[in-house]
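Would you mind keeping the following structure in view while I ask a few things?
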């Protein structure tokens, strides 16, 4: 009786959930039939999915558009790389990367969440670019423009056993398991009281505050979690590429999760994952014919923003529930205006 | 430019369809085609180098295929833009080898990209013939040091940019104060450090008075120029390249730099695209003979029939002069051909064996393979950009020719302390 | 009986305009109070100052004897002061049920739980269902709130305002923009809830019939000050009030 | 001492490119409330157009600049009318995302149309050379830029303070509904303002062609600086944008001279601090 308790959310996610199940089966069997490159590609998709999931907790669920997420991604990547170069233990690298990113995110978040809307976006942009300029210029530590190279794909040092990850297949399974855990965690989170609270902040921070919710505290929580996820995604990168370079901290890289989320769908849990997949498919397919794939991506972004703000996943749902969806969208619009109006009062 | 693109595209298509049975039937290596992955910077102010790499590779491939391929096997190539970014270069390499199925790889402009690719090549077990990336560390550290045998360099490293400069300017007693406007990455630092080390050996009296570093995508060099000129240097050692070099020189001119200094060393200023860019200024002798430059190959040297013929074929094919990345890439394919024919195999280890002791005549002159660091040794002169009635664009005149063994570093290598 | 709320010399000005200009006022528990006054009299500003939407330039606010002048809104809610808004404010993308679940969870101090499934919050759901029943919106529980009719959304907002079980609840024009029928239902609901005695309501309203039929106590504001206060009968007779305010209403 | 002053003047000339760019960004934000991510790309397109007309087709410098302004102005009109105008009134996040889409499109479009061509046009005769200043040769070209920047500043001031159109625009900026009520054609104002902003960006790009590197991707590099400036000066504040440009331009010039390593870092610190302490900007009271 309580099962379809959050029917609206339920309706939005269930198709994505099914897609996820199908995907799972495929993912675990993939090494059996697919080549090294498609594994490599899948790892990238999984990494971006984690990155984008974290971002969407902030944007889609809490209503804060951050342009600095690449900064936390980079912190995760660089810390992990540094650790791997010093001590060859993947576990240590991942944990270190995640913690590093989390700490930085918590600190910068504390400063950032006092703003909303454009000011929040600008502030996160500034913080992200600070991290970028450190990565770029602090050559002694970060290798500067040339980055850190020759990072080993260290064995997974678990208490008891030490699992070599030299082959792509092995590392593929590590990334797969880690990302599935991360996705599962996020899935639990958005369906928890915390998740509900964040969505309430998105819909109306004023109402939430007068319902007894500390707006800043919960924004900070969302920001930090997003940072942790960015850090995890970043930490998974160096062992794959054996190299970390400043561009991953640049604001234009912050746009990747934004695009993935936008393409897949902002108000659906599966959106960012589907989006990450599509993003790489689009790129990989287009790149085979022409090196000019950004222009296509740009066109897709424009079309989505103008036509399908729900993203690919909810295009289907809009087809199922056109009337409802539109009414909600309109209501949300007026809500935002009202909110904006109040602020100017 | 459109025309090249179109042609290249057609070639690629042809190569694509030219593969089937007929070719593989007679191919003694038992593959439908020998696949060569080519990379270079094809966008941004350095895009001309990527395109020159593409042109050089395409032309070599056409000539080899026209002559019946390698042991009867046709060649096939795919070019990718590495955007001068390590991550992109690595991703492309993985794609080219594990997905597209490249047997060999050629190209790469940026030292940063090259250093990032090195370890990955070991994992991919494929030879990459580097034809531009110039940091000495690629061959000295990764090959001689770490033993990554998949790295082979056809182009001359920063020995050309740094040591030759030192050898030329040690004999200019009036030049005592040096400053650098450097590329803000591996290549720039390494060249400057190596230059200082070498010059100090001959000239304890010189000072190095100022540095200004310009990263990729520096839009405006005027603050860098005025910053170093504030220290009243006698000469400037400059490593930005391609379009950035042209803009740097032009802004130096309008800041009257060439009235105040004795010499300006534009390391890769002998490259065709830079010479094209400064044609007007050279015609009007705006540099007052103070501008010096070299390259990894220059189109007016060596004065041999092979080179002349190469230039002619290249001009006929692309309606342009080849710059050094075109020559080095073109030559790399023939080096690869020779090695494969010697080892009669596509197996990486065997081909590396095939390279041992190789001496080969290329348009750029005689190249000799050095086993310790997989560096091909050949010499390129330095000189001053001047107009020559035989050419529409400037050439390097007043040439200073040095024997390769005199300015290459030799194993065992003592590490250069690379500092900004 | 002991006072519920006391404000002393409360002041707030925007630029030169003194929206609230030295108000001193006490509210007793269980007495349904109505605040009336012409537009711009400072009614909404007063509510904002008491509930924490704005911080005053001067003066103090005491709730049950404790000072709350500088507390942020969510802490005042915890202490028992809640409100509804003039411009309707709900969570349009959440379901009707979740709209009420949030304040309940906040009261139970469970909003931070990251991993317990929402479905499992039985206690909270039970409570929000009870409120839905009062509102008569139980059937719409799983509808997105944004899809409700205007009137139902008003009801829902009222529900959100009482969900934290406030002892003092401000309703800022709860019937604005409603049809007479809807208005009647809203007011009826307010009366019912007020009679339960758990919550003391303070209502800002323009419709004088509603005010005089509903309120036990009336506060008249003008130009940021309290002009008069007293039981409806008294206010109706107050000459000053008539001239300043009621005049045009009764002509 | 002279050297420091000299470096400052070089920085001043660089600041003018930034001023032209951020002036456009500021006007657009001030009136439309849209933060145009693609503004730097408009600068880039302006540069490429000027490069085409002046460098490839060999038209006179001024004509080439004029044509590129027209071209980018037109592009601006298309962007605003055809796309942005459909997003007014909804979450500004989507406007940011839309203009971000334009960055991707324009970057690649430039690659496709101009590829990596790098034939740099000569400096127009009358702007070549240098004159002595503080005992060192100061380029005529940079002097000329400082001049242009100041002229544009004056013209903009005149436009918004002294002309009917300017006053209407300011009225629209302060209150759309009101302006609409008194019969201002708000959509047309919006389009006009966007085109004006675009042309200012293009002017910056076009004037750079003979001496500055132009390449795909510079749009992203420029927009960041413009953001820093508009934030420091106060979003939508034209005076602020001017002062902000000077600060950033001169600071980065000194950066190359004194603290080359963390120059970029400090500039972003300034941006963040301003946002935290005075989000309305240093020059808005």
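So that you can tell them apart, the chains are marked A, B, C and D in the order they are listed, and the count of residues begins at 1 in each.
Definition applied: contacts are C-beta pairs under 8 Å (C-beta built on N, C-alpha and C of every residue); 3 or more make two chains touch, one makes a residue touch a chain.
None of the values given here were measured: they were computed from a predicted structure.
Touching subunit A and subunit B together: D. Distance from the centre of subunit D peaks at C, each centre being the average of the chain's Cα atoms.
When every chain is reduced to the mean of its C-alpha atoms, the one closest to the centre of the whole protein set is A.
Chain pairs A-C and B-D differ in how many C-beta pairs they share in contact, with the greater number at A-C.
We define each chain's centre as the mean of its Cα atoms; on that basis subunit B and subunit C are separated by 76 Å. Separating the centre of subunit A from that of subunit C, both taken as means of CA atoms, is a distance of 40 Å. Averaged Cα coordinates give subunit B a centre that lies 37 Å from the centre of subunit D. Note on chain placement: the centre of subunit A and the centre of subunit D lie 32 Å apart, centres being C-alpha means. In subunit D, the residues that touch at least two other chains are 111. Multi-chain contact residues of subunit A (touching two or more other chains): 136. Listed for subunit B are residues 42, each touching two or more other chains. Of all possible chain pairs, those that touch are A-B, A-C, A-D, B-D. Of all residues in subunit A, only 2-9, 188-189, 191-197, 199-200, 202-204, 206-215, 218, 221, 267, 324, 327-328, 330-332, 335, 338, 341-342 touch subunit C in the complex they form. Contact residues on subunit B toward subunit A in their complex (touch as defined above): 42, 80-81, 85-87, 90-91, 94-95, 98-99, 111-112, 115-116, 118-120, 123, 146, 184-186, 215-216, 420.
Partner subunit A is touched in their complex by these residues of subunit D: 35, 83, 86-87, 89-94, 96-98, 100-109, 111-112, 220, 224, 227-228, 231, 235, 261-262, 264-265, 268-269, 271-272, 275-276, 279.
On subunit C, the positions that touch subunit A within their shared complex are 51, 53, 72-75, 77-78, 82-83, 85, 87-95, 97-98, 101-103, 105-107, 110-119, 121-122, 125, 142-144, 146-147, 160-161, 163-164. Across the interface of their complex, subunit B is touched by residues 35-38, 40, 136, 139, 144-147, 149-150, 241-243, 245, 247-248, 291 of subunit A.
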